[in-house]
Amino acid sequence: MNVSVIIEYIGVFLIFIGSLFAFVSAVGLIRFPDVYTRSHAATKSSTLGVLMTLTGALIYIVVSQGYFSVRLVLGIIFVFLTAPVSGHLVTRAAYRAKVKLADITIEDALEDVIHGKKEELKEDNTN
Amino acid sequence: MKINNVILRTVTKLVVFIILTLAVYLFFAGHNSPGGGFIAGLVLASAFVLLFIVYDMETIKNAIPLDFKKIAALGAFLAVGTGFGAFLFDVPFLTQAFDYFQVPFFGEIELTTVTIFEAGVTLAVVGVVVTIILSISEDV
Amino acid sequence: MTNLIVLPMALPIIIGIILIFLRPYIKTQRAITVIGLLTTIGISGYILQSVYTDGIMRLDFGGWQPPFGILFVADSFSAILVLVATIVTLICTIYAFSSIGREMENMYFYSFVNFLLAGVNGSFLTGDIFNLYVNFEIMLLASYVLIVLGGKKMQLRESIKYVVINIISSWFFLVGIAYLYAQLGTLNMAHISQLISESGQTPLLTITSLVFLVVFALKSGLLLYFWLPGSYSAPPTAVAALFGGLLTKVGIYSMIRVFTLIFYHETQITHLAIGILAGATLIAGSIGAVAYKDIRQIVAYNVIIAVGFILVGLAVMTQEAFEGSIYYLMHDMIAKSLLFLLAGTMITVTGEKRFDNMSGLIRNYPAFGWMFFIVMLSLAGVPPLSGFIGKVLVGQGAIEAGSFILLALAFISSIFVLYSLLRIFLNSFWGETIISFEDEIPLRKGWMVSFGLLTILMFVLGLGAEYFAPYVADAAYTLMNPQVYIDAVLND
Amino acid sequence: MGTLNFIVLIPFLTALLIPLFYKKGSRLHIGLLPILVAVSLFIYLLTYIPDIANGKTFLHTISWIPSYGINFTTYLDGLSLIFALLITGIGTLVILYSIYYLSENEQLGHFYTYLMMFMGAMLGVVLSDNLMVLYVFWELTSISSFLLIAFWYQRKRSREGAQKSMLITMSGGFGMLVGFLMLYAITGTMNVREIIEIIPDLTGHVLFVPAMLLLLFGAFTKSAQFPFHIWLPDAMEAPTPVSAYLHSATMVKAGIYLVARFTPVFGGEGVWFWIVTGVGIFTLFWGSFQAVRQTDLKALLAYSTVSQLGMIMSMFGMGSVALNFGYSTESVFYTQATFAALFHLINHSTFKGALFMAVGIVDHEVGTRDIRRLGGLATFMPITFTISLIGSFSMAGLPPFNGFLSKEMFFQAAIDITTLGVFHVDTLGNLIPIVAWIASIFTFVYSMIIVFQTFLGPYKEERLERPANESPIGMLISPLILAGLVLIIFFFPNVLGNYIIRPAMASVFPSLATQVDLGVEILRWHGFNSLALWMTIGVVLIGIILYKFPKIWRWIYVLFPGEWSFNSLYNFAIEQGEKSSRRFTNSYMTGDLRNYLMYIFSFFILLIAGAFVLTGSYNFTISDNAMISTFEWIIVMSLMIAAISILFAKSRLTAILLNSVLGYGVALLFVIFRAPDLALTQTVVETVTTVLFLVAYYFLPEWQKEQGTRKANLTKLVVSIAVGATFTVVALAAQNNRLFERISTYFEDSYELAGGRNIVNTILSDFRGFDTMLEVVVLLIAGLGVYSIIKLKAGKRGKKIENQ
Amino acid sequence: MIQTLLITSLILFGIAIAITLIRVIIGPSLPDRVLSLDMIGVQIVSALAIISILLKTKAFLEVILVLAILAFISTISFTKYIERGVIIERKRDN
Amino acid sequence: METLITILSGVLVTVGTYLLLSKSILRVVLGTAIFSHAAHLLIITMGGLKTGNVPILGDEDVSAFVDPLPQALILTSIVISFAVTAVILTISYRAYQTLGTDNLEELRGSKYD
């Protein structure tokens, strides 16, 4: 087993673990009670899973095909940059659109700050 | 109503830069790997769309003072115009010429009329997509 | 210089594009459009002549040998239609100069007209089935815009139906192409035809051809014309005239082309179906034409009758019948445009849509009234106007082929055409004059020019039928002998 | 050469010139130009008489559409000469009459244009030898008749009459055209002469009888034979000169001309004999029967014309049997009917023309033609009275007028035909003389009504518009000439017979004319043993009784109430036709897109699935299929689920979201199918489309739950599934029916051919670059279109909710 | 071994996509769906990476990047729609 | 695989047809979008699936490629569908704005009598 094969394995394992993460976060997406908690599953673990997979793929390709893909690197950077942002945006949108928090939620710190001021916001599209 | 978009805007700036680079890459890579005029145009257009979404129309229009309809027309003109080039050389309409040149330092370079054609396609696609999106959103 | 045959399509496109840059200069736009169309007419005439003398012309785009590239093929049939379509477009455009209004002219109206013509001419000329689809789309998109341009309620309402139905038909077209490609693996129409004659038209190919039948029936208004009466009534007069003259004709052309060049082996299925549809169209169109008092409805149903009539020629598949269909196509493009222009002008000058609300127009507009009378006779196939020779030849073909039911339907339908238009004439042009001379809206010069030109064309086509006979005969010969077309494309 | 052709064309040229010269109130009457033309044509045609009488014929051809055998061929023989003389002769008189009849305030320019057009067309009909050209002129006569009937187009009745005549005669014309085309199909020539030569060998052709029937249809509509006669009385709305000219003397005789002209083609056939004779004789009866009940003098004359035309028609029918025998004395015997027909044709033109003009004078002078308001005019209008007397008596078949001669010959022919041994004449044929006789009684009665109820009896000035006065002499010239002819022909019938009718007989019976002289000596006196004479005497006696005592038999008309006529059938058809066609069309043209789509999809299913099942093209195997991995299964299933759940989406955003999912899923599939370019494009386009949806949907209403009846939803479901199933099944079969190799392998050399390694891209930009170019144009149109549609708004903008 | 692992990972991603799709379908709120769509986007991106390895081709690397970008744009437009209705504002109001 | 994808496009067609037969214009537009997906899948299936490599000529010698022609056709078709979708969306939007309804039943238009 030479080095490259080992590195290949590392890549593949990264991919595999990434896929596990993705799977778990998908399960989380189903099982969590409200959109805010689900967004955790989606953005945190899923992002991690994707990043791991992509990194794994990058490594694997570098080793097996001897090709360093700038596009893949860019992709990794991109996902790294955007995934949290989109998660953030969705949650914020959800909150502004007055999506109900789960019953088990204890405190809504933003209630007065946002909903207090703007009753005019549309109640549209919430289901 | 004020919505704090700082995070989004910061990211967007970077992202748009990536997209533009990608678009240019896709445009030139198109003949030999996935990509090409169409896709480049679409990707480019999506960069504009992103800008419009994240910022607003007026800001972007001021930043990029272009009439996208004319860009689209120009693109179509280029695309159709390369066809008319055939009349000059008495070859069938839309005959594309290509050749390879050995250039020092860069190695083999391919020069082809397809590039002009593809540039037209790209411009047309960008122009049209942006025109469509803008026209509808402007009409509030 | 075979490149010439791309010009009837490429010239309007490039002019349409240039006009975009000239948006504020309406006068220049008009001038360029007219010059461009005149040039196109000249080129089309030249193409027709050269096809007649030197045989079928073809242009392989990019120089790729068929069947690998796309190509344009000009045989007499397509050349004739290109010529007439361009002439009709020119005349409708002249009408539009003084009717369409500055607002629309400023909204790229002339570009869209040019694009429409490009799509139409491209459809006539292309020899590649997928390219035909693309050409259809050019024509359709231009027509979508033209039908809705102006934004009146009726336009919007009818355009939705028009657009959706056309999307469906384009979709069927794609499906048909997919089926065909799966079986034959090629897109060049001549090549398809050749392969089919090698393998025989298997039942599945026949079914594929029926998919195309659905497509072209939708486009040409053969029985599936539900979109037609509404959408031809909605747009401004000049546009309606263009539609009336061109749109269904492209469907008819494609139907004829596909079912003579490609699917001509199983006529007892495909052509029987076409015959039945044509008969049903004649019946339903005739009934529709006498059902309403709204002028534009009547006129629209007349379009439907003509579709049925022309396709009788395809259904019976004889040399005479094809010649008749071709004559009738030429005639119908001209006469229908004129009819639409006249009907639209009647509505403009009276402000009424129903003929029983108009009366005595002939006192105010004598020349106008007589042109309506002439176009009515021409459409009914009264000699020596343009509709006559086509009718006679289709009739001959039908007799020769023994299709007496179609023959009867075709001729009875002309009585309905006559009656439907006669009612308009009697009620609106004759009768007590309602409009006083002070109130009358003067007819613009541009209108009269376009009416006059079309009327003259009807006479030319009718009295000078002999002049067109060799071209028409050549066109019909190619339709009857697809091998001529195939040889011109593949074997030289 | 081709002076004959010019005879036809000159009236048309005149028609074109008239509008140029016409000026209201000019010193010279515009009518002078046409009268000059007509009279010179008449005189010119007269010069042909000697040649024609010697058996010469004239033929000239000008090419028109030789490719289809359509040439402007004129042929002048005895038959056409009779008609041509009538057309130009009566035409001259009518124009002369009209100059005084029509006021200068009328649109005289139009009138004479139409009249000249008609004259040319009519000459064209009788002189053309080419079927198609004959048809051309035939339709032109219909058109000019239409224009002339509706000369006073402000009147509703004129327009209706014009419409009716146009529809009926044109329909007949179309039928006749088909008949001609069939003749062409049988014989392969468009020339009547050649057809006559060829046809004897082809009478067994399957199209022979249809062609004959269609041709007769044309002839009967034009000549107002029962039941197509209904247009003629309504055509009387035309100015009287027109009625006199078109609707009694010339145009209505075009049908008769046609029958005469085609007798050599179809004559001798039983069908021809029975239809022509039967329809003619019944029309004779029906016309005279209806004429008696009329109160409008012109309507009365119209029915009388119908009746007389029927009579002529029946005689041609009877004469045609001669051709059944070939040459023999017996056949010559039967040709006498035709001789009588031709003779009566001329006579009818003279006396009916005179009568029409006289009635026109009455109408013109007293302002009414209702016989209930007329009476006692003889003292005020003696000349008109004389003319009417001559005309009526001639029509009634009394001596010493030409009507007597031809009526006698008619009776004789009707009696003779009963001796015919073929066509089952021995049974039904006996009816012919009886019907003829009864009809003649009615003819007598209405003839008396015309002259006596108008001119004798009490003078009712208070019921007239204007007090009666004799008309200016100008208007009297033409009827006087005609009345004079009525007398002259009676005294010198054989001049006519020898020089004009005899050559015409040769045209009708070309095969017999070569063997024997078909001329007939017209006798004024047949002796007392002639049955025909006794029939005439009977007619007169019974006629006088009926005329004197109308009360005892008029109840008969109650049996034939007006609503039962074919006229009301026509009106009913027109009215109900519109209503029911509207109902029918509205029933499927609902304006609802859903219905239309339903029709289209159903059509698709029926046609494609139907053909699929019928041809049994089912062909399904998965052996050639590519492998499916688990991942792919999952993706495809997910896509199906996503697609189906769009149907259940409660909000539009969900639907768009799911559509996005579908789009990305399809992109993923493209990746799996090794199509990177497609995946790229699909991804971007999907996103842009989604953005577009979102942008546009902001302005659109939230989507409502689809409410519909259970049944409607079920139908939708069934149709959808059927469409999907048809689509799939055919697609599967198509895949497994791969007949040829793809052409695409060619493109695999793209690097050498087009200098690109990405095959798809080289196809797009080079091999099929034209598609791409057009696609750019499509995009451009869409972009501009969206811009224009948005920017250009009709009227005031805003979201006002109005329903139209 | 490598092959098996890769395929397993691919299947896992497939299942993940399917599960996420269920969330898109059942909602209940719009943000839920948008979130899930975004997640499907990145899951597909990863799946693409694995497919690229399996197919031994570089052709799909562009797709990965483009898909990542565009999923992001989609998400942004959806969130903006939910938040404000208008995706593209005429003029910023702050 | 071909069969499966064909069935998938069949399902898409069914869904699209059902949507097209709806009252709301929005659903109709969505229906057309789904229809175009179905057509694209059909076309690529008709060229044969996974019969070879990605149709990009690499340096290495690969003998079999998947059929590139349908891919080119689909590319064209995708763009055209996009153009059409844009136009019909615009039209329906304008129709709603002007006519105040997106319900096709209310868009029947005045009855001609």
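Think of it as A, B, C, D, E and F in the order they're written, each chain with its own count starting at 1.
One rule holds in what follows: a residue touches a chain if its C-beta (ideal position, glycine included) is under 8 Å from a C-beta of that chain, and two chains touch if they have at least 3 such contacts.
Which protein is which chain? UniProt says B = Na(+)/H(+) antiporter subunit B; E = Na(+)/H(+) antiporter subunit F1; F = Na(+)/H(+) antiporter subunit C.
What you see is a predicted model; the values in this text were computed from it and never measured.
Q: Looking at C-alpha means, what's the farthest chain from subunit C?
A: Checked the centroid distances; the maximum from subunit C is A.
Q: Quick check: more C-beta contact pairs in B-E or B-F?
A: Counting C-beta pairs in contact for B-E and B-F gives the edge to B-E.
Q: Of the chains shown, whose Cα centre falls closest to the middle of all protein Cα atoms?
A: When every chain is reduced to its C-alpha mean, the one closest to the whole-protein mean is C.
Q: Farthest from subunit B by Cα centre, which chain is it? Let me know.
A: Chain D.
Q: When the C-alpha atoms of subunit C and subunit E are each averaged to a single point, how far apart are the two points in Å?
A: Centre-to-centre distance between subunit C and subunit E: 47 Å.
Q: Which whole number of Å gives the spacing of the CA centres of subunit A and subunit E?
A: That gives a centre separation of 10 Å.
Q: Roughly how many whole angstrom separate the Cα centroids of subunit C and subunit F?
A: Between these chains, centre-to-centre, one finds 28 Å.
Q: In whole angstrom, how far does the Cα centroid of subunit A sit from the Cα centroid of subunit D?
A: 79
Q: Which subunit B residues reach two or more other chains?
A: 1, 8, 15, 18, 22, 26, 32-35, 38-39, 43, 46, 49, 53, 69, 73, 76, 80, 83, 93-94, 96, 125, 128, 132-133, 135-138, 140
Q: Among the residues of subunit F, which are close enough to touch at least two other chains?
A: 20, 25, 28, 42, 45-47, 53-54, 56-57, 69, 75-76, 79-80, 83-84, 86-87, 89-94, 98-99, 104, 107, 109, 112-113
Q: Which positions in subunit A are in touch with at least two other chains?
A: 71, 74, 78, 82, 85, 89, 124-125, 127
Q: How about subunit B: which of its residues touch subunit C in the complex?
A: For subunit B paired with subunit C, touching residues are 69-70, 73, 76-77, 80-81, 83-84, 86-87, 90-96.
Q: For the complex, give me every residue of subunit C touching subunit D.
A: 13, 17, 20, 61-62, 64, 67-70, 103-104, 107-108, 111-112, 115, 118, 122, 130-131, 134-135, 137-138, 141-142, 144-145, 148-154, 157, 160-161, 164-165, 168, 172, 175, 178-179, 182-188, 191, 195, 199, 202-204, 206-208, 210-211, 213-214, 217-218, 223-224, 226-227, 229-230, 269, 273, 284, 287-288, 290-292, 360, 362, 377, 380-384, 388-389, 391-393, 395-396, 399-400, 404, 407-408, 411-412, 414-415, 418-419, 422-423, 426-427, 430-433, 463, 465-466, 469-470, 473
Q: Using the touch rule from the top, collect the residues of subunit F that touch subunit D in their complex.
A: On the subunit F side, the touching residues are 1-15, 17-28, 30, 33-34, 37-38, 40-42, 44-58, 65-69, 71-72, 74-76, 78-87, 89-94, 96-113.
Q: Can you tell me which positions in subunit D touch subunit E when the two form their complex?
A: For this pair, the touching residues of subunit D are 629-631, 633-635, 637-638, 641-642, 645, 651, 653-654, 657-658, 660-661, 664, 667-668, 671-672, 674, 676, 679-680, 683-684, 686-687, 690-691, 694-695, 698.
Q: Within the complex, which stretch of subunit F touches subunit E?
A: So the residues of subunit F touching subunit E come out as 53-54, 56.
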